[in-house]
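The following pair of complexes shares a single chain, chain A, combined with chain B in the former and chain C in the latter.
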Partner chain A sequence: MSTTVFFLRKSVSAFLTVIAIITTVFFLVRITGDPFAELENDPRIAPETLRTLRSLYGMDRSVFEQYILYMYNIFTGEMGYSVKFSRPVFDVIMERLPYTVALLVPSITLSNYIAYTLGIEIGYRRGSRVDILTLALSNFLRATPYFWLAIVFLYLFSVQLGLFPLYGAISPGALFPSLGWFADYLWHYTLPFIVLVVRGVFTFVLYVRNSVIDILGEDFVAVARAKGLSERVIKSSYVARNAMLPMITVMGLRYAFIIDGAILTETVFSYPGTGRLVFEAIVNRDFWLLQGVVLILSISVVLANLIVDLLYALLDPRIRSSR
Partner chain B sequence: MAIGSLPEVIRIIIGNRASLAGFLMLLAFVSMAILADLIAPYNPYERVSLPFQPPSGRHWLGTDDLGRDIFSQMIYSSRLSLIIGFISALVATVIGTMLGILSGYYGGKIDEILMRLTDLWLAFPNLLFAILLVVIFSPQTGNRVVPIIIAIALVSWPTASRLIRSAVISIKQSPYIEAARALGASDARIIFSHILPNTTSLIIIEVITIMGGAMLTEASLSFLGLGDPRAMSWGMMLHYALSRNAIYLGMWWWFLPPGLLISLSVLSIILISTGLEEYFNPRLRRRL
Partner chain C sequence: MVSRMDLCVIAIAFLISMSIMAGLSVIEAQQEIRFLIQNPPRYQCQYLGGALKVGIGSKPNTLNWFVAGSSWEILVLMPIYNRLVRFYNGSLVKEVAEDISISPDGRIYTIRIVDGIKFHDGKPLTSEDVAFTINILKNYSWAYYYGVFRNVDRAEALDQRTVRVYMKRVDAGFVENALSVMNIMPKHIWEPKFKELGDGVAKYNPTIRELIGSGPFIITDYQPDQFISYKANENYWQGRPCIDQLVMVFVGDASVALLSLEKGDIQTYSGFITPEVVPKILANPNLAIHVYWSDFYYHWGLNNKKWPFNITLFRKALAYAVDYNAIINTLLMGYGMQGSPGFVPPFGVHQKWYNSNLRYYSYNLSRTAEILDRLGFRDVDGDGWREAPDGSKFKFEIYPPSYDIIRVRTAEIIADSLAKIPGGGLKAEVKIVEWATAWSLIRGGRVDTWLLGSGPGYDISWLQTRFHSNGSANWNRYSNPEVDSLIDQLVSELDPGKRRELALKIQEILAEEDPAVNLYYRQFIAPYRTDTYDRWIRVMDDDLVNWWNLLYIQPKTGKPAQVQQTPTATVTTERPIIITATQMVQQTPQVITVTALPQPQPSGVNSLLIGAIAVIAIAAIVVALLLVRRRS
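Our next item is the complex of A and B:
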């Protein structure tokens, strides 16, 4: 199978995944209840007003009709109005999305890089003190609620040491395009960033380590050693390169984990990102906002997965030819 | 690897150092939950002192914003955390086992559809999905425990289903299954008297493995404020600690202990399942 066909196949399945996710959310969220139910008991709101409100949001039609309309609207770039914010969903999301993206993309990249380098090192030095320490730490962190780790960091570094702010992404009053604003932003950014990196590193490092140990037992490594290649060459061109494959697979499976991490981090640090927004949307039964956030999040993560798949295919020719 | 039952799993747990340590830790937590009435000095839901008291001889971990004893809350919370974790893992394993057997035994179209469903399920953000399900299943007022159990079970079954499916595929090819079929045994009979008993140990391992993740999901959901307001769990305690500003006020005695207990209880479960996995998959043993 050529790379183009492989790419096409992957793109179609990515597209279908997005459709499946937004469809599931569309129907699930409509089982959670009626966003206007509370207004029914409000004496200040006339029944006609409520009826108008319902029809504005399309709630007077059948669920199936609503779904068709929803799909049509998405493809014409229309996401509807948020009930809670009384503003277009798109505007609400665009206000919050940069914070989440700026937090997640660098922290994921850095933690993958550290996990990969560290994993290769400790895989090589199996049983050493560094190895055992890393193993113990990552087992403990695997059992630790991630938000609690964030709380402990917040307590230690912000409350006790006073190094970082207590909450938020920027101090009130900071003017946007200035150096002061940027410094303030970075000051707020550091702690959530560190927590995300720590969590990411210790989640992935074991996968890399274990695959390095497997690779070191392979025949081709023994042959390379018998040929008299230096350990440095074996490490960089045999072990490191092969260890990249399982790492990429795990990363690809982990997109769910990223969104879940965003919801919890943003709650602990009162960060004004999309993770917190998604939670508020569910709890407030703000269907349109939730649909919008889920759409944006699933598209971005599925796109990221697609890139990962392509990288994988470039790195491992067997993938392209299989199936 | 497929033959086994509860006594055998217990024998394996005792024979492995990591598993034994985890088992003893878990036993301590279970005793804490059962004996909560005897251990806890106060009723965790009752106002017994002034609010926001620091630790003292009378209140080992101080009191919360309503003047309730935090140490007693911590002891009582073990009940809900463990029960929700265990029951939802059990339900998830039952769902996963049924689908895994259907998929592995019948193969073909059924298998393909079920595997696609499993993949889609795995692609979905767990916590986001669980939040949605809790909101769907929660009545306006009332019990939140059952909705949480349903939500966790519905997000955690795919791992069990995959594992059971591959075990069933290998068992299906055994000569004794062929013999049973030649004797005219029905599918139901083959599944219930030949395949299911041979996956028992695997099912027990799955319940244990899923329980760790289930407890963490429960903690996250409760922490976000979706827990039952009339009951206490460690996640709920952390929710109250955060929303009553315990972190900004530096009240470490309120938010450190519950988190630590979640970690230790989940760690005990991870230790047990590591030991079991090592036993059934010796290739892992040399890694440690």
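Our next item is the complex of A and C:
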């Protein structure tokens, strides 16, 4: 099968997956109840207000009618209006998405790289002090709540040492896009970035390590040693490349969940990202916001899967030749 | 002899004098009722300057005041607008309205406003703007405050300074419920918007340029989910605020907020903190706490349409079975008081309606046992639990929402007490459910009992929504024709004396009939710093991010104020706060020491340096790893 047909098939199935996800979420979420229900406990709200609000957001029509309208709107680029924010879903998400992407993409990339490099070294030095130290640290950090780690960092660096701010992404008064603004942003950015990288590294270093240990036991490594190749060449050409393969899936898919991303980190550092948005949309039964977020999430997961598949095919000749 | 002519003259004179007297009485009856409003408190600024930073616990989702419903949204919009009247420590004080009078039949309100007020863009605030805002709120049913304005027929501007509001029906609480919460919106900004978008304004978020009001602060920047910053309106008509700048930052987590407070980054936190952290706060000499009352009544709601909760005596038995002191002292750690059985709180704006002769229920399980025995709920099979009068097994459910740990524990305490009734306990199952689920069960009337916190309105007519059989928020489904007719009179009666009598009578009946068991009112804690700013105005029913504080708080040192305003009547800043022995409110003496001005934001050079160091550090780690790889 040629690569173009392969690619086409994947794309079509990806597209259909996204449609299926949106449809399922659309109907499921409407079973959970009424976004306007809580307003009823507020005696200042008149019954007419609730009726008008419901019809303003299209809830006075049948579910199927709403669904058809929604799908039509999605294809024309209109994501609907959020009940809680009283404005277009697209605006709400776009206000926050740049911050999340700016924080998560570099931190994921860096932590992947460090985890990969460190994991290979550790896999080689199995049983040594570095290995045991990293294992211990890794287990400790994976067991502690994310929240706790973030607050410890905050307490240590912001309160005790006073080096970093306690909340937000920028301080009042900074003007975009001056140099001062970027400096201020970086200053706010550092702590959440470090927390995410630290946690990311120690979560994934174990995977790489185990993968490397498996590979070191393989025949071709023994043959390479027998051939007399230097350890450096073996490490870079044989072990590293083979260790990368399972990692691509795991570490590559981390990019897919950016929008869902670092909700706890965002809460502790009061960083204005989309993670908190998702949580609030669920809790407040803000259907349209939730649908908008799920749309973006499903597209990014499906896209990430596609890319990972392609990378796999590119990197592993065995997969290419089997087609 | 009196001739016929004389008789005619006398008769005519008599008729004329009668008609004159009748005429006079009609004119007297037409004399309007002045609505009594006090003057607001005024303070003088000794020092000007400072950038006050306050932390708030949750973010506003929209800056469109017409749809703003959450308390945070209302809070961030508060500093930029004026109102006709406002509540201060439980009483109504004047603001833009100089005078309000009501026609004797209660159908026409005439409001005279202060002259010379200007919006932030220089245009004058006239009666047109007031009339415009009222008309919008009554025309568009999606507006948050539509419910309190729906009795308005129309509002007209008679001249630059007078507004006349015509009512469809008498609404005795109109001024307190509606005019005290209405921000006066500029007609020249919003009328074109409504013309252009119509109902679309419900989904419109205004830009900073459109957030123009006449208030003491002008919005300068809004970063979603981060902060809103304001600067002082130098030309504010009541005199400029003492501080130069105000920033409200959204701090997502209470523990982070307290860390910021300790560090001196924010001066106060307007969010929820638990009583356990109070000793730690008070241990810091620069921090103090302000304790204030919430008028929400947290009650054990009973479904009056479901047996046996439709039996008045059964409900009373339940009221005796609650250990009120345990809830207040253990759960609330002393920050609260038992709820009034007439449901009207004894403090704040409700104080004038409160019936102080009510007998409060006390924890008395033997009375519960006595009443249950009388009703026929006895333990016939000796299993320790009482059965229904017909002998069948009896149990009921209590639904506390999971998000409020206090209510969850309260439900458990109640269930425990019910189990301990002498002569056999009542089986109560505590079902902890997520709020949205709990809420749909409560409003559906499908469950036995629940724990809910409900807010009363400003004017006593709030009783209609909660206890009238047609009330829109009568979740207990309580129905009593006598109470219904008293409430109907209460809503349409204008005379304050008569209204008070009606309110007292209604509370008496409610205390007797006990449609729900009123458990507690809560106190909340607002921590604040005492070292940088002076004259924190502590009102008894609100935290420190309130209108008066923002206007009059001043830095301890700064530019001395040049304009010496004549001091107006001093008003006490706080009602006595009921503090039990477990609390300690530290009042630091106002010693003016030479303290540094609030720290300015770090200069670009400083953070640039740290940013550069961070980047270099990361680069160093990467390089080190590369080197390590190469070595082996």
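Please note the rule applied: the second predicted complex is superposed on the first by the 282 of 323 C-alpha atoms of A that agree within 3 Å, B and C clash if a C-alpha of one lies under 4 Å from a C-alpha of the other, contacts with A are read in each partner's own complex, and residues count from 1 in each chain.
The rule is short, and it goes like this: contacts are C-beta pairs under 8 Å (C-beta built on N, C-alpha and C of every residue); 3 or more make two chains touch, one makes a residue touch a chain.
Because the structure is a prediction, the values reported are computed rather than measured.
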Which of chain B and chain C A:I151 touches, first, second, both or neither: both
Which of chain B and chain C A:T190 touches, first, second, both or neither: second
Per-residue touch tally on chain A - higher for chain B or for chain C: C
Partner chain(s) touched by A:R142 [first = chain B, second = chain C, both, neither]: first
Touched partner set for A:V268, first chain B, second chain C, both or neither: both
Chain B versus chain C as contact partner of A:T32, first or second or both or neither: both
First (chain B), second (chain C), both or neither touched by A:L166: both
Contacts on chain A seen with chain B and repeated with chain C across the two complexes: 32-33, 151, 154-155, 159, 166, 267-268, 283, 285
Footprint of chain A on chain B - complex, ascending: 120, 122-128, 131-133, 135-136, 212, 216, 219-220, 223-226, 235, 238, 241-242, 247-248, 250, 252, 255-256, 259, 262-264, 266-267, 269-270, 286-288
Chain A to chain B touching residues, read off their complex: 17, 20-21, 24-25, 28-29, 31-33, 126, 135, 139-140, 142-148, 151-152, 154-155, 159-160, 166, 210, 213, 253, 255-260, 263-264, 267-268, 278-279, 282-283, 285, 294, 297
Contact footprint of chain A on chain C as seen in their complex: 61-62, 64, 67, 69, 140-148, 150, 177, 199, 202-205, 221, 223-227, 229, 247, 249-253, 255-256, 259-260, 262-263, 265, 436-437, 439-440, 443, 452, 454-455, 457, 462, 465-466, 472-473, 475, 601-602, 604, 607-608, 610-611, 614-615, 618, 621-622, 625-626, 628-630, 632
Touching residues (chain side chain A, partner chain C) in the complex: 32-34, 37-49, 51-53, 56, 81, 84-88, 91, 95-96, 110, 113-114, 117-118, 120-121, 124, 151, 154-155, 158-159, 162-174, 179-180, 182-184, 186-187, 190, 231-232, 235-236, 266-270, 272, 276, 283, 285
